[in-house]
Amino acid sequence: MPADATVAKAALWRREELLIAVLARLLDGVDHVAVGASSPIPGAAALLARALSKGDTRVSVLGSRRHNPFTEGGRELFDCAAQGRIGAFFLGGGEIDGQANINLVGMGDYPRLDVRFPGSFGSAYLYMLIPRVILFREEHTRRVMVPRVNFISAPGTSDPGVHRPGGPYALVTNLAKFDFDRERRSFSLATVHPGHSAADVAEATGFEYDQPAAVPATEPPPPEWLELLRGRIADELAETYPKFAKAVFGVEAAA
Amino acid sequence: MAATQFIDLAELADRIPDGAFLALPPDYSNVPMAMTHALLRRPARDMRLLCVPTSGIQADLLIGAGCVAAIECAAVSLGEQGPAPRFTNAVVNGSLKFVDSTCPAIHAALQASEKGLPFMPLRGILGSDILANRPDWKVIDNPFAEEKDPIVLLPAIRPDFAVFHARWADRQGNVWIGRRRELMTMAHAARRSFVTVEAVFDGDLLAEDELAAGTIPGIYVDAVALAPRGAWPMGLADLYAPDVAHLADYAKLARSDAGFREYLAQNHLEPAHAG
Amino acid sequence: MAATQFIDLAELADRIPDGAFLALPPDYSNVPMAMTHALLRRPARDMRLLCVPTSGIQADLLIGAGCVAAIECAAVSLGEQGPAPRFTNAVVNGSLKFVDSTCPAIHAALQASEKGLPFMPLRGILGSDILANRPDWKVIDNPFAEEKDPIVLLPAIRPDFAVFHARWADRQGNVWIGRRRELMTMAHAARRSFVTVEAVFDGDLLAEDELAAGTIPGIYVDAVALAPRGAWPMGLADLYAPDVAHLADYAKLARSDAGFREYLAQNHLEPAHAG
Amino acid sequence: MPADATVAKAALWRREELLIAVLARLLDGVDHVAVGASSPIPGAAALLARALSKGDTRVSVLGSRRHNPFTEGGRELFDCAAQGRIGAFFLGGGEIDGQANINLVGMGDYPRLDVRFPGSFGSAYLYMLIPRVILFREEHTRRVMVPRVNFISAPGTSDPGVHRPGGPYALVTNLAKFDFDRERRSFSLATVHPGHSAADVAEATGFEYDQPAAVPATEPPPPEWLELLRGRIADELAETYPKFAKAVFGVEAAA
């Protein structure tokens, strides 16, 4: 497919819709996806994956009242993950490095920090227990994608003998999708989003990663996915993320 | 453990002494904002806060007003409104003793106190710099494993007070929290629980299973005060939503010292004795 | 974890294979008697039972009918009707492998599985002959104590199935248990949960806090079957009381082998294939 | 007081009422009393103690729907005890020995038992954590009160260094009340119930115990306690123990 065809198609969907589609593909075959607070794009991806699974995928959206099934309080997400009942989860990071370590605490010489992020939340635990953890951060710059994080909120890899059924599965940004190889302890560039090049990615990434000779373009969302997203998924999302649903899909939350 | 006392809000806040160790609920769970406002006006001093497991405007206000000596949390954030500016500022300028944790560790350490245990094991965390900075946590080899299997042990956390808001208390001191079960664990784990409520429930919350299922028994509730809309500007479950416009204002004003003082003044939250 | 399946009672019982490790609720908590009757008629074989933490007629019937290879419990008793005769008889004649425990140990070992932990500490028990007969339990020195402080560690218990009765399930597989919270822990801890219900709830049990507070989410519920009055002759919370006359008859008949067979015959509980 | 006066008074109350009064006195000053299943006499004593305390004593009667406050499932009693929130509890025993060890499991060479009791329930735990555990067993014979139990469900005493805030406080039977001395690890006969003698107690007891030169008679229930018992307490009790309430107090359970 010539590059200009990709660009032409790109006009048919928004950046957020592409990201949602990329994330939804990573959820294929997962029984139960949990989505943390303040995560509209991962939330939409999970709801889309559920719709596409025809009921085989369950979704728990924290912060939602309608799509959050938990009734055992704040600890249930963590217990549920440790029981092996959550197949996929999303994490971000103020900094992410090439070993998939993530930093949600701050920059500087801990505890004397120059910049403070909110904190690690449950990352130190969920990253190690959920099989398919998808790192998602829209900003793809050398400020975020660093050689070595200032503070390891949650480690990307563990020594042999450490109980770790979970870990990083992929990294998705505004520019690209990387896979993570747990054996080699490194990312490899899997696809580059339409409108960007592998060279753009290299320029914006502060850590080393593997790369095939030719990096394919990220597959855009098929029309039937876009239709689902802009209809049913937008409505479902509006309950938890009214601002996002209105901005991206033009949908108002039900009263 | 004697009968639950019904007192007014100012007295409830007054009974939390300076220096007390307080467990705070997360933003999605019955934040006792009216009680927090009373603590700001006093003003309370040297409070030690445990966020269960995170906090938002409640911790940020207390920190900004100088009520807090130390905080343990998995995160402090205003959520969709962005970072918690007074927390962030206090950490960076070194004026706040803070201890980083992670959500399940705080839940588990409270469950240890709930069960009267000295410690609770927890999976995960190994390799995190949180653990590297927690000399109070220990790593042992799982004694049930045949091969090497390191696992973290967390010492129990027993707060002096669990403080939270709820929809109802009945005359026996039973408090209805619906599905906000972290409040149950907080109440079990803390030495005392002080609760503000929207209203007194005219009847016995434990009489029928529908309400009993979401009720903290009065055994754990030391004192209750009425505070209608006592979670505002946060929301309360099925009853009212967070006041997003107010929270956005706060997020903006609290970025600077002057703005924060302006917010306090606007909302009549200034200390009675500013010294 | 896929969608909860709605099947009929016979199929539900058939999906519990011989040799399965079953967690049973205590007599005060939603005993799945209709399901038990289906297991007797099959008849199930070599079941391993975990009483959470005690059992009554449910375990006694399964033991008497030869369905049980082993049982772990804090007690088996018919309560006010006296001892559980088939359990007592099987222990004394040596035909039942039994493991004595104590209530909080069973609760804690299930909480270990609920939390994905290999073990859970527990206070008490030291000096009990229960501990002396549990080579699977360990005693360590509390690593947080300055002086010697022995404490018991219990390995996690993960049943294959949690089985219980409930008032309602909705179409999403959410199951309402009211205040019978041990069923929640059982469902979290077990690999699968099979539930019988009085009725299908026409709506979403998680929609409002009143019912959600007492609801096990469908995530944990693998299959549901309708069984009106499915706890009989035991009772079901606010809905119906135990059938005391029937239980007294059972207690009398089950004292002898012949009487027990007569009870099975009277209640059409004889195995389909008696060999 | 001459012995015949005691006998004359004895006719004014039933054996169960005397036992309830003895147990209620042992609960004086306790904030929260819990009572296990199938315990009508301890249950009545706790309800009486609550009535006499004018609200200072809370009571949790397991098996009751109206007087059982727990909402965290079967584990809450045990967690609540470990939190230090239960001041007093009752335990029985198929066998009880002079060191206050109790046996709820059976007789014989464990696990090859000749007689099987139901099991230890929570005794191995509650006995060690609740400050004031009252042993209550109506039958007072050498079959029950033995030199050494066959199986220690829960030990009466513990080695130094064992975490044990709780333990035995008294033993009440059809014949007498004993106190337990934790330092000396032995019972001492405190009072003998009207109609019985210290010699009767010695005859029926298989273990050694201390005894003062003169053993006082157990104080009978005062008239105002009997009035309370036969009125309000009988009504409260009938919800959980209808058979007992009818047999002892002639009260029918409310519908």
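For clarity, chains are labelled A, B, C and D in written order, and residue numbers in each chain start from 1.
Please note the rule applied: contacts are C-beta pairs under 8 Å (C-beta built on N, C-alpha and C of every residue); 3 or more make two chains touch, one makes a residue touch a chain.
Since the model is a prediction, treat every value here as computed from it, not as a measurement.
Peer 1: Contact counts by the stated rule: is the higher one at C-D or A-C?
Peer 2: Of C-D and A-C, more C-beta pairs in contact link C-D.
Peer 1: Quick one: subunit A and subunit B, Cα centre-to-centre, how many Å?
Peer 2: About 29 Å separates the centre of subunit A from that of subunit B.
Peer 1: What's the distance between the Cα centroids of subunit B and subunit D, rounded to whole Å?
Peer 2: Taking the average C-alpha coordinate of subunit B and of subunit D, the gap between them is 40 Å.
Peer 1: So which stretches of subunit A touch two or more other chains?
Peer 2: 70-72, 78-79, 82, 129 - these are the residues of subunit A that touch more than one other chain.
Peer 1: Pull out every residue in subunit B that's touching 2 or more other chains.
Peer 2: Within subunit B, residues 108, 111, 115-117, 122-123, 149, 151, 179, 181, 184, 212-214 contact more than one other chain.
Peer 1: Please list each pair of chains that are touching.
Peer 2: A-B, A-C, B-C, B-D, C-D
Peer 1: Please name which positions on subunit C make contact with subunit B in the complex.
Peer 2: Residues in contact with subunit B: 108, 111, 115-123, 138, 140, 142-145, 149, 151, 153, 155, 177-179, 181, 208-214, 237-238.
Peer 1: Considering the complex alone, what residue numbers of subunit A touch subunit C?
Peer 2: So the residues of subunit A in touch with subunit C come to 31-32, 55-56, 58, 60, 66, 69-72, 78-85, 87, 129.
Peer 1: Can you tell me which positions in subunit C touch subunit A when the two form their complex?
Peer 2: Contact set of subunit C toward subunit A: 1-3, 113-117, 174, 184, 188-189, 206-207, 212-220.
Peer 1: Using the touch definition from the top, list the residues of subunit D that touch subunit C in their complex.
Peer 2: Contacts found on subunit D: 37-38, 63, 70-76, 78, 82, 104-106, 110-129, 151-155, 157-159, 161-163, 243.
Peer 1: Within the complex, which stretch of subunit C touches subunit D?
Peer 2: Touch residues, subunit C against subunit D: 26, 28-29, 52-54, 73-77, 79-80, 83-84, 87-88, 91-92, 94, 98, 100-105, 107-108, 111, 122-131, 133, 147-151, 179-185.
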